[in-house]
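In the two assemblies presented below, chain A is common to both, partnered first by chain B and then by chain C.
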Partner chain A sequence: MKTLLLISHPEIEDSGSQQYLLQSLPSSAAITVRHLDTLYSDGKIDREKEQAMLLAHDRILFQFPFYWYSTPSLLKKWQDEVLTEDFAYGKQKNLTGKEFGLVISVGIKETEYQAGGREGFTVNELVAPLRALANKLDMQYVKPLIIYQFHYLSERDRMRLLIKYQQYLTRQHPDSLKKREDWLVEQVQETNRTTISTEGWFILEQALSIVEDHRLAIDELAMLLDAEGEDY
Partner chain B sequence: MEEAQWIQGELEKLFKESRDYKQKALILALKEHIAEQSNRIEQMQGELDGSLWSPRKWNE
Partner chain C sequence: MKTLLLISHPEIEDSGSQQYLLQSLPSSAAITVRHLDTLYSDGKIDREKEQAMLLAHDRILFQFPFYWYSTPSLLKKWQDEVLTEDFAYGKQKNLTGKEFGLVISVGIKETEYQAGGREGFTVNELVAPLRALANKLDMQYVKPLIIYQFHYLSERDRMRLLIKYQQYLTRQHPDSLKKREDWLVEQVQETNRTTISTEGWFILEQALSIVEDHRLAIDELAMLLDAEGEDY
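Entry: the complex of A and B
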């Protein structure tokens, strides 16, 4: 699975959340990161190059701050100029079947984004045009990763975000306990052994064996409950 | 389940010991995943106990 991460943020150097996400990128996975504002500071988008990038990847992600309930203007311009007729839709639909997801940082708290809240609509409602885009291009829309008020997150919540973000970029979708588990086990097995003591490594091995025992118990219970295939 | 509780304490210690930020995040995720699995098992066992008592199942 090759992921193309298209980031749009006009002031990325000053953005705590964007810098944190950039630092969180998994080093091993096949991820291409393109910061549009750096690439196209003159606003002239190289359509052929961008289309070639789209063709070369299986999962396309937009990462951006929520500006007036939408993407920053450069990312909108990118959509207008790159997703052209007979490339993305029309006689030829080159993006059919690819995954399309969103990583959105939002400055206002989540509870305001609902009916009765100050913003009045959920973020999922507000990104309907992007869902429609995925629909028109026959892409598979992946539930967005929405980050509310990054600067108020505790250190542990930031670490939880780091893992969620890495998973969002590299894990199979849709989400399930089993998929999160497979991803986690693989990451623990690959983690750097030099930064951990021998006893520490023993603990990790023990933890992995507990995860495995739990998985057997869950699968057995699912069978007894006749709930195979559900999100276990 | 005792083992699952023991590992929670050990992973918390390991979390505090690790000096690698991404590794710390991974240890935290592993710790919370085990807790989530334990909860899931408990819920499913409850559901199974409930279903055994369900009259709908008596004729099966």
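Entry: the complex of A and C
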């Protein structure tokens, strides 16, 4: 599973949330990060290059701040110029079956995004154009990761966000408890032991062993219930 | 009522629908037309100029082709750069009460824009970001004028579109039969007699006189029904 992360933010240097996410990007060969504003500061998008990038990845993610309830203009331009007829739709549909997800940072609190709230619409309603795009291209639309008011998040909530973000980038969708477990085990196995204290390592190993025990218990229960086919 | 028509279309010369609409623009002092791609071919938007334009008009219209279910990128840039905090929302809300409308040309037929249709969403759902924008700025959102598949329209339907378009640009919203009548009378009065044949002129005068008779009858009925306050 190779992920293409397309970031669009005209003022990324000044964005606390974007900097935080960027710093926590897993340095994995399976993730390609492209900041469109850096690549195309003159606004001239290299369509062939972008289309080749799309073909080479299985999951396409847009990461952007919610500007007027939508993508920033450069990411809009990217859509208009890269997702062309007979490449993305029409006679040839090269993106069929790939995953399409959104990482959106929003400056207003979540409860305002509903009828009666100050913004009047849910984020799900507001991203209808992007859902329609995924529909048109026969891509698999993945539940977005929406970050409301990053600046007000506590340190603990930022850590949670970081884990959700890393999972969003690398974990296979649709989500399940089993996949979250597998992801965790994999991450720990890839962790460099020398960067963690002996005590920290001990706690991690304990956590893993508990996860494994729980998995055994869940699998046994599932067998008893004859529900192996279900995705627990 | 002064109308500001902001047109965004990167290939306006090649667009049959845009050319048709442009040619039928009433040459009225009450309409200011600005083609953003011509004004800002370098992509650098003059924010102060644009904000002054907004202040000087009562009705703001976006006219654009539906690119990926949304505005073209330059019009998105215009939104992001012109509709700034403390001008459009926040401490100062300079656009409160102004009308906000959309003239959208769409390449796919109307029946595909619904759940189960190929596009999967209604245009009303897809323009949620623009409806949310009007909501945020306390502007009066006017029912959009949507032009489906201009190229397949018959000559007669194009004439109908032309009248709807001219009314959309100049007539006061919300719409009513009385306002459509007033608009018609005004248009005929402004028409240069020398450009129409004697026979054509006679027909127009007859039509007007019928409209006026009908109006009298409607007003009398309304008085009888004691429903003068209603907007017939």
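Criterion: the second predicted complex is superposed on the first by the 217 of 232 C-alpha atoms of A that agree within 3 Å, B and C clash if a C-alpha of one lies under 4 Å from a C-alpha of the other, contacts with A are read in each partner's own complex, and residues count from 1 in each chain.
Following the convention adopted for this analysis, a residue touches a chain if its C-beta (ideal position, glycine included) is under 8 Å from a C-beta of that chain, and two chains touch if they have at least 3 such contacts.
All values reported here derive from a predicted model rather than from experimental measurement.
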item: Touching partner for A:R47 - first (chain B), second (chain C), both, neither; value: neither
item: Which of chain B and chain C A:I163 touches, first, second, both or neither; value: first
item: Chain B versus chain C as contact partner of A:L83, first or second or both or neither; value: second
item: First, second, both or neither for A:L126, with chain B first and chain C second; value: second
item: Chain B versus chain C as contact partner of A:R215, first or second or both or neither; value: first
item: Touched partner set for A:R34, first chain B, second chain C, both or neither; value: neither
item: First (chain B), second (chain C), both or neither touched by A:L74; value: second
item: Those residues of chain A which chain B touches in one complex and chain C touches in the other; value: none
item: For the chain C and chain A complex, residues of the former touching the latter; value: 43, 67-74, 76-77, 79-80, 83, 118-121, 125-126, 128-129, 131-133, 135-136
item: Touching residues on chain B, where the partner in the complex is chain A; value: 3-4, 7, 10-11, 13-14, 17-34, 36-38, 40-41, 44-45, 47-48, 51
item: In the complex, chain A residues that touch chain B; value: 24, 156, 159-160, 162-163, 177, 180-181, 184, 187-188, 191-192, 195-197, 200, 203-204, 206-207, 210-211, 214-215, 217-218, 221-222, 224-225, 232
